[in-house]
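Below you will find the structure I want to go over with you.
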Amino acid sequence: MRKFFRRNTAGYVFLTPWLIGFFFLALGPILVSLYLSFTRYDMVSAPVWDGLGNYQYMFEYDRRFWKALEVTFTFVAFSVPLRLAAALGVAMLLDKGLRTIGLYRAIFYLPSLLGASIAIALLWREMFGLNGVINQVLSMVGITGKGWITDPDTSIYTIVVLAMWQFGSPMLIFLAGLRGIPRDLYEAAEIDGTSRFRQFRRITLPMLAPVIFFNLVLQTIEAFKTFTSAFIISNGTGAPADSLLFYTVYLFNEAFKFFRMGYASALAWVLLLIIAAFTALAFATSKYWVHYENERD
Amino acid sequence: MKLTRRTLLGTMGAAAAASALPFKAMAASQSIRHFWWGNPTRDERTFKVIEMFQASHPDIAVQGETIGWGDYWTKMATQTAGGNMADVIQMAHTYIHEYVQRGGVVPLNDYIGNGIDLSHYDAGANDIGTMGGDLYGINIGATCPSIPYNKRVFEEAGVEFDPLAWTTDDFAAACEKITSSTGGAVTGSEDLSLYMETFEIFCRQSGADFYTADGKLTMPVEEVAAWWQMWKDLRDAGVVEGKDQTVQLDKGMADLGLIRGTTATTFRWANQTGALQGLMQDPLGVAIVPQRAGMQSGHFVLPSMFLCLSRDAGDVPAALAYIDNWVNDEETLKVLGIDRGIPPSQKGRDILAPQLNETDAMVVKYFGDTQSQILSTPNIGPKGSGEVRDSFMRTGTEVVLGNMSPQDAADQFIHDAEGILIRASR
Amino acid sequence: MKTNVIEAAVIADPDARLAHEIKERQRVRDKRAKLLKHLFLIVLSFVMIYPLLWLVASSLKPENEIFGDLGLWPSRFEWSNYTEGWNALPVSFTVFYKNSAIVTVLSVIGNLLSCSFAAYAFARLKFNGRTFFFGLMMMTMMLPYHVVLIPQYVLFLNLGWVDTYLPLVVPRFLAADGFFIFLMVQFFRQIPRELDEAAMIDGCSPFKIYWAVILPLSLPAMGTAAIFSLIWVWEDFLAPLIYLNDVNSYTVPLALRMFIDQEGQSAFGQMFAMSVLSLVPVLIFFVAFQKLIIRGIATSGMK
């Protein structure tokens, strides 16, 4: 009993800062937003209780809600795997035996540093525009381009490319993970004559699984919440023809442009449920492929 | 560990508090906050005005707060929700009704002539800021619709026209001439079919209005269809910008074909001409929005910005003194220039006349020359009219992309707009 | 001289000659692979760096050439975008940098300390409710922040913290960013458990284990967290926008938003120039701190 108590104490002592932050700063606003999702709230006057009105409107009448879901799911489905693959690929290239690694790492992180500024929005529209760099390159190989970013059928893929291009943060995390793999494992495999591919499958992947898992979960969450890039590139409108109407862009406009914070809160909670479902799925499957060094047996 | 954290938290708190402290307004018996959206020039002018005001009113401390247009409204909404609005706030005609109808800004009737002197204002200058008989927003700069055009391109194409009296047919002919004479490198105009502001003028030329005085939708569906048809014809003729540029909505100045040198005209509020000119090398001219043959003028004047007293204003007399100084003090008016719009009083315009640069002088002249064509001030839209504007752009996009005929799109838009207004009125 | 001996041996022994040849071929192949790798990385680098070139080029162009002229090379170099941009706003950028530095340094320290505490608890200590709290922590990351903006603002307003740096800094000392907790948890769990068991037997307290075992073995993770934390706080703009009213207390990203006015006069050239400068501290920190990630090898190689 005493031992049990002592074990609990250490855990809670270390968790104290987080507990204080959660209960005093985070929990209140979260619950308020849940409450607001059941109200009509224009931010200027007081909220008015509306029961399930917001949710009912969302599922029964709101065409743009479904459009926003479609756009966001398309983005998640493409951007997460592509971005992770790019990040892992480059991280592995950079991991071994290059003296200039620091320089490359900095260069590859640059696009992520530029983030989603006005400059990037201008640049992206220019590059993928009718007379942009992309079309100039394409015309060299005989392909007639089009306005990629202004065609509702292709505009979302320019945002996917943007997300891929900003692979800096998952790349860094992969690198840190790769650095944690003991070198002697590879040396032993080398001596046994194991091929590079087998080394990747037998050593790299399993050892890196916790980090891959982390990146997968986090990138999925972030992808669902993608806001700034789509917002600035479409001037906040989701144009052309709502093809860039990301869920959070729609949510933001409902809240701050059309003064419907109650409805926006309902949208947010629906998104939370969707993300939570995906995350729970990832955690549930993780026991089959993510093994931790200390929890092996 | 206990020590580490406590010490750290302590130092952190102290450091943060200390760094914030010196910036707090110094002791003055009264203090107010003024919040505006700005840019480097406007911020400089406004802080100068605040400095001057504080010199003449040492008992009132004024904290100036500013940020760019896009972020301004997010911050404004948050402060409003928290009951922490600045005392004096700047409003735009696209947002003022949202705040007035929800009680975010308060009526100024009681203070006019009794704290704020507006006796020198032009007749009707404060009509748009007046809702339901109460004045909510004081006009601090007037503007009017305009078609800025690239003078060099117009001249080289040999377009001859009267910028103050041209018809939609003249406009189409000019577009054709420019496009063909440049071999398509420069098209006549940006495709304005998704600009609801321009459509409003077109619509008013027929005698119709968007909204009634009590906020009912009266926009005729035929006018919407005619507008989209007119642009479809121009697009089909290839004399205006292609669909690629058109379907990008709410473009910033940097994205305009006029700035990029790919079109010869666009639509903007007249007070923005100077900013446009700053981004391009060719000289600009300003023309009135073309009129449909045989119809009346649709031209009007409106405030580009308002000064409002917020619901949360703590020290009303101090705020009133500040507003009064803003609209009356000669030195203040001189410093402000026409950055926020053309002064809505002869007194203001006279004060500024000697200091205007070439572009500004052209704009002021245009403003004066078109006074005779002013029809009336349009009625302000009800709650939800901002969303109607969004819907207009979205449905119009379908026409631009060729997915819908102008007539079908117009039917759909009016139907959607009615739904939006019903939802917003709840 | 040594080579001569080997060569002599190789010639003498046909088996060794074969082995030597294979090795030689391997080396050539490795060299070629390395060359290809470099070539690929250089091409990729150009793609990655292009936007920065564009940004720098735009920052050097006269205002009326930035958008009309698509070429990268400016017709004349407008250095005044830098010199005048620095003082173009009502408050000098010196002040903005100082403000950003205060907020960033405090936030990074706060993030690293508080998140590693929480992560240690989640990854290494067993206590009742661990899974429950971990789930809550994950949940805080899933709610779009725009809808908690207003309740949070009201909360900080009631605490009297609006228009100070407290709303920006205090949450960071209270492990508000689940990203870093989760990141550290994943790395902490990889550290061999025998190490802390051994330490425990030696009579080390949980804090001692955290400090002397876990942290030193997690330098790559901590370095990564430090870099992200710094970059994200440095670039954070929404919280400063909402909580800071006085222009004198603005941070750099907020100041950058003062240049652009969709409805009026903007100063794009100066905005670009100041954007370029705002990257400098982050890049310096990045280059300095990524050494931590590399140095990690030495320690984590130890088993």
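Letters are used for the chains, namely A, B and C, taken in the order the chains are written, and counting of residues starts over at 1 for each.
Basically, a contact is a pair of C-beta atoms (placed from the backbone, for glycine too) under 8 Å apart; a residue touches a chain by one contact, two chains touch by 3 or more.
Just so we're clear, the structure is a prediction, and the values are computed from it rather than from any experiment.
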Pair of chains whose C-beta contact count is the highest in the structure: A-C
Most centrally placed chain, judged by C-alpha centres: A
Distance between chain centroids, defined by C-alpha means - chain A, chain B (Å): 36
Between chain C and chain A, distance of the C-alpha-averaged centres to the nearest whole Å: 16
For chain B paired with chain C, centre-to-centre distance based on mean C-alpha positions, whole Å: 40
Chain A residues counted as touching two or more neighbouring chains: 17, 43, 255-256, 261
Contacts with two or more other chains, residues of chain C listed in rising order: 113, 150, 170, 173, 260
Per-residue multi-chain contacts in chain B, two or more chains: 5, 70, 74, 77-78, 81, 250, 252, 254-255
Touch list for chain A against partner chain C, complex: 7-8, 10-22, 24-26, 28-30, 32-33, 36, 43, 90, 93-94, 97-98, 101-102, 104-115, 117-120, 123, 126, 131, 133, 165, 169, 172-173, 175-177, 179-180, 182-184, 210-211, 213-214, 217-218, 221, 224-225, 227, 247-248, 251-252, 255-256, 261, 264-265, 268-269, 271-272, 275-276, 279, 292-295
For the chain B and chain A complex, residues of the former touching the latter: 5, 70, 73-74, 77-78, 80-81, 98-99, 102-104, 242-245, 247-252, 254-255, 311, 383-384, 386-387, 390, 393-394, 397-398, 401, 424, 426
Contact footprint of chain B on chain C as seen in their complex: 63-68, 88-90, 99, 102, 106, 109-110, 113, 149-150, 153-154, 157, 162-166, 169-170, 173, 207, 241-242, 245-249, 254, 257-268, 270
Complex contacts: residues of chain B adjacent to chain C: 1, 4-5, 8-9, 12-13, 15-17, 19-20, 23-24, 33, 35, 37-44, 47, 63-71, 74-75, 77-79, 81-84, 86, 92, 250, 252-255, 259-261, 269, 271-272, 274-275, 278-281, 339
Complex interface listing, chain C residues touching chain A: 34, 37-38, 40-41, 44-45, 47-52, 54-55, 58, 70, 113-114, 117-118, 120-122, 125-128, 130, 133, 136-144, 146-148, 150-152, 155, 170-171, 173-176, 179, 181-183, 186-187, 189-193, 206, 210, 220-221, 223-224, 227-228, 231, 235, 256, 260, 271-272, 275, 279, 282-283, 286-287, 290-291, 293-294, 296-297, 300-301, 303
